[in-house]
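So that you can tell them apart, the chains are marked A, B, C and D in the order they are listed, and the count of residues begins at 1 in each.
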Amino acid sequence: MIDKRVQSLAEAVAGVRDGATILCAGFGAVGGPDELLDALLEQGAKELVAVSNNAGSGDRGLAALIANGRVRKVICSYPRTDRPHAFEAAFKAGKLELELVPQGTLSERMRCAAAGLGGFYSPVGVGTRLADGKETREIGGRLYVLEKPLKGDVAFCKALRADRWGNLVYRKSARNFNPVMAMAADLTVVQVKEFVALGELDPETIHTPGIFVDRIVKVGGKP
Amino acid sequence: MIDKRVQSLAEAVAGVRDGATILCAGFGAVGGPDELLDALLEQGAKELVAVSNNAGSGDRGLAALIANGRVRKVICSYPRTDRPHAFEAAFKAGKLELELVPQGTLSERMRCAAAGLGGFYSPVGVGTRLADGKETREIGGRLYVLEKPLKGDVAFCKALRADRWGNLVYRKSARNFNPVMAMAADLTVVQVKEFVALGELDPETIHTPGIFVDRIVKVGGKP
Amino acid sequence: MKPLSRRQIAWRAAQDIADGAYVNLGIGLPTLVADFIPGDREIVFHSENGILGLGKAPAPEEIDPDLINAGKGAASLLPGGSFFHHNDAFLMIRGGHVDLSLMGAFEVSERGDLANWTTDDPGFPPGVGGAMDLAAGAREVRVLLEHTTKEGQPRLRHRCHYPLTAPGCVKRIYTNFAVIDVTPEGLLVREVVEGMSLSALQEATEPPLTLANDWRLLAAPAV
Amino acid sequence: MKPLSRRQIAWRAAQDIADGAYVNLGIGLPTLVADFIPGDREIVFHSENGILGLGKAPAPEEIDPDLINAGKGAASLLPGGSFFHHNDAFLMIRGGHVDLSLMGAFEVSERGDLANWTTDDPGFPPGVGGAMDLAAGAREVRVLLEHTTKEGQPRLRHRCHYPLTAPGCVKRIYTNFAVIDVTPEGLLVREVVEGMSLSALQEATEPPLTLANDWRLLAAPAV
């Protein structure tokens, strides 16, 4: 019997180790697993490497982890979005390493890991500072840089609905990084608004098949 | 005004040139654009390079193109499926070149082209005859072969429904290679069973967004 | 002399967008372009966070927190629009499926090099977002910018002094003074505002300018 | 001596599949495994043509032409199942998301090299399908085969004589005589059928065999 539902946020984030690479979904304030990341703060893991499009906003979620010194390094495309004071303070204090990656490359590097590939040649970043130190190669008359897979130890995601197999459906632009991050980690933990019975999700329109998902926890919504 | 609907199969296949690389979707007898390929036979293009999971079945579609000497080369994972007599005859007569590619590599090479990448390192085929002549590289202690993008001049696909923007929805396992091939060609032509009004397809569950599609033609179904 | 307002620059750029084009609008000045699309054209706007078919900014009572654009502002979806994940969003960009990327710029070089992601302000950790993906990947890149800095220094340079976003990617430049194409022979002035001489325009521009044989006056309605 | 029937080999392999596993069954002998999953276990079967949650073969009146399995036979979908495209199907395989691939084999070497895609019959252009993807990609590969050829020659070899599908991928071997693990020290016999001595088993096997300390009788019910 497959049942990926867990009963509490604490159970959902159990076992995340110090030094783990965590993939944090979301784009700006939309589609991010704030409650899971708040629970991770409680859980206590530190020296984390956080992969996320933005480096936290306001005072909760990734921003709270950064403000509390739990994050060693951020890999992101755009650190400073709405209310980035936690990131700015940690960065200026020299307490936070930043690896800046073009947004599509960030996504593609995670997919590369998810797909079991060893790397890919991308035209993005060629001739710029972000290609410094990367292998460059001419293919078919165009220059490419070699990009390496980026895999998470844990992915934290957010979806609208899930069934006990872990099949997921998202809502509108809250989908964003969730599907690719859900595929790209050894352990994928998802907070959802609603559990539905097995078979209730249309098999034609499941956005993330349960094979990629390990734990789901219900947050908010109806009790 | 965007309207990708064309009125006839002849119009749908117009302009395909001799020597073109054509991507032919489908897996076995399911999800393949037989009517479009029959129309291509009428249209007369020759010296084609056909990319397809199988090298034709029975006496129509890709098999008919092969039987009529229109195909110079097949790139596929499994040439001989149900009733492969057209392929077998052409191959044994030395009239058809065969490039055999592992199925997932075939799909990934098309995605690579669709995604604008220059190539990728795959663990599949390493240490086998199908890696002969390919660059091999050790990454993180594992061996990979370099695979190159595979782009079509034209993709022929089949879907269940489409709107005038070319948004597509497939049915069950007839989806198969259709989405990746639809993304990977300069010109994407799709036969569908049904046209629906713009806005009728749920934006959450469109399988292939219209950005990848150039022409749609209705085949069969209600008049 | 009648330099264009920012809204007029956006208006002028909008006139060049072909009916049926798939277009990504950068944050800032390019965002205004959406307001000025001629009424007889149907344009599909793409957003890097997984949207095709962005509509106008929603009325306050129609704001949906799960529906935002790349600038993190409230967005709406047109009939025919679709949602997809980040990886597909950037596949569309990098793979050249997005016909046109309209971007802002700090500087453009005579070869079409683009600098628009960082001014290297030491106090600001930079963000790159999707800028490099768009600059390297979109089928065509055009930029909108003020012709000179606040201090009157040219933004069109022999070579960019700020870090590059991508080399050689810009094909057309819209400014408050002129419409200029980047050609293999250098910068070619297509349109210039009334009352501005070529020598005055040249004075505000670092690389040498050539006036197109069929140059016209750059005029825009009061918008 | 009581060698297992083909159905009994499949039964034996089925007993080792853990509850909740994601499993891909190869064509032929492995397909039979689905019939023998113990009733208290929920297994999700994966099909390379874009299906998770394959159910039993449908009754004739329930056959849907759009729903087939990798062997191109009529298939059904369980509640919780999902459809996706070929690229995601192979991402699941290559990325190690499929826990277990059960495959047929012509030969297996003492190092776990697998040969199962071509016998180099000069009259038959070979097909590879998804075999190399599965062999190189699945988290674990186990094979089911007759211990010897029809002529009585061993199929477990020092090295494979047929072209390889993947080197060193096989972890466990189910035959009509024995269950054998591939270990760094060589082939380790876990189970052997009643009445067969280790020397008789060795005679039917090319590489040296070691009997596990905790070896057991290989027995299967009449199925």
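As a convention for this text, contacts are C-beta pairs under 8 Å (C-beta built on N, C-alpha and C of every residue); 3 or more make two chains touch, one makes a residue touch a chain.
The structure displayed is predicted, hence computed values, not measured ones.
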Required steps from chain A to chain D (each step between touching chains, minimum):
1
In this assembly, which chains make contact with chain C and also with chain D?
A, B
Which chain pair is joined by more contacting C-beta pairs, B-C or A-C?
A-C
Whole-Å gap between the CA centroids of chain A and chain B:
33
Distance in whole angstrom between the CA centres of chain B and chain D is 30
Could you please state the distance in Å, as a whole number, between where the Cα atoms of chain B are centred and where those of chain C are centred?
35
Can you pull out the residues of chain C that are in contact with at least two other chains?
77, 83-84, 90-91, 93-94, 137
In chain A, what residues contact two or more other chains?
108, 111, 115-117, 122-123, 170-172, 204, 207
Which label fits the chain touch graph of this model best, line, ring, star, complete or other?
other
Which of the chains touch, listed as pairs?
A-B, A-C, A-D, B-C, B-D
Using the touch definition from the top, list the residues of chain D that touch chain B in their complex.
47-51, 64-68, 72, 75, 77, 83-87, 89-91, 93-94, 123-133, 136-137, 163-167
Chain B touches which residues of chain C in the complex?
19-20, 22, 40-42, 44, 46, 52-53, 77, 79-84, 88, 90-98, 137
Which of the residues in chain A end up touching chain B in this complex?
108, 112, 115-123, 137, 139-140, 142, 144, 148, 169-172, 202, 204-205, 207
Chain D partner contacts - residues on chain A that touch it in the complex:
1-2, 111, 113-117, 163-165, 167, 183, 198-199, 201, 203-204, 206, 209-212
In the complex, chain A touches chain C at residues 27-31, 77-82, 87-88, 91-92, 98, 100-105, 107-108, 111, 122-130, 170-180, 207
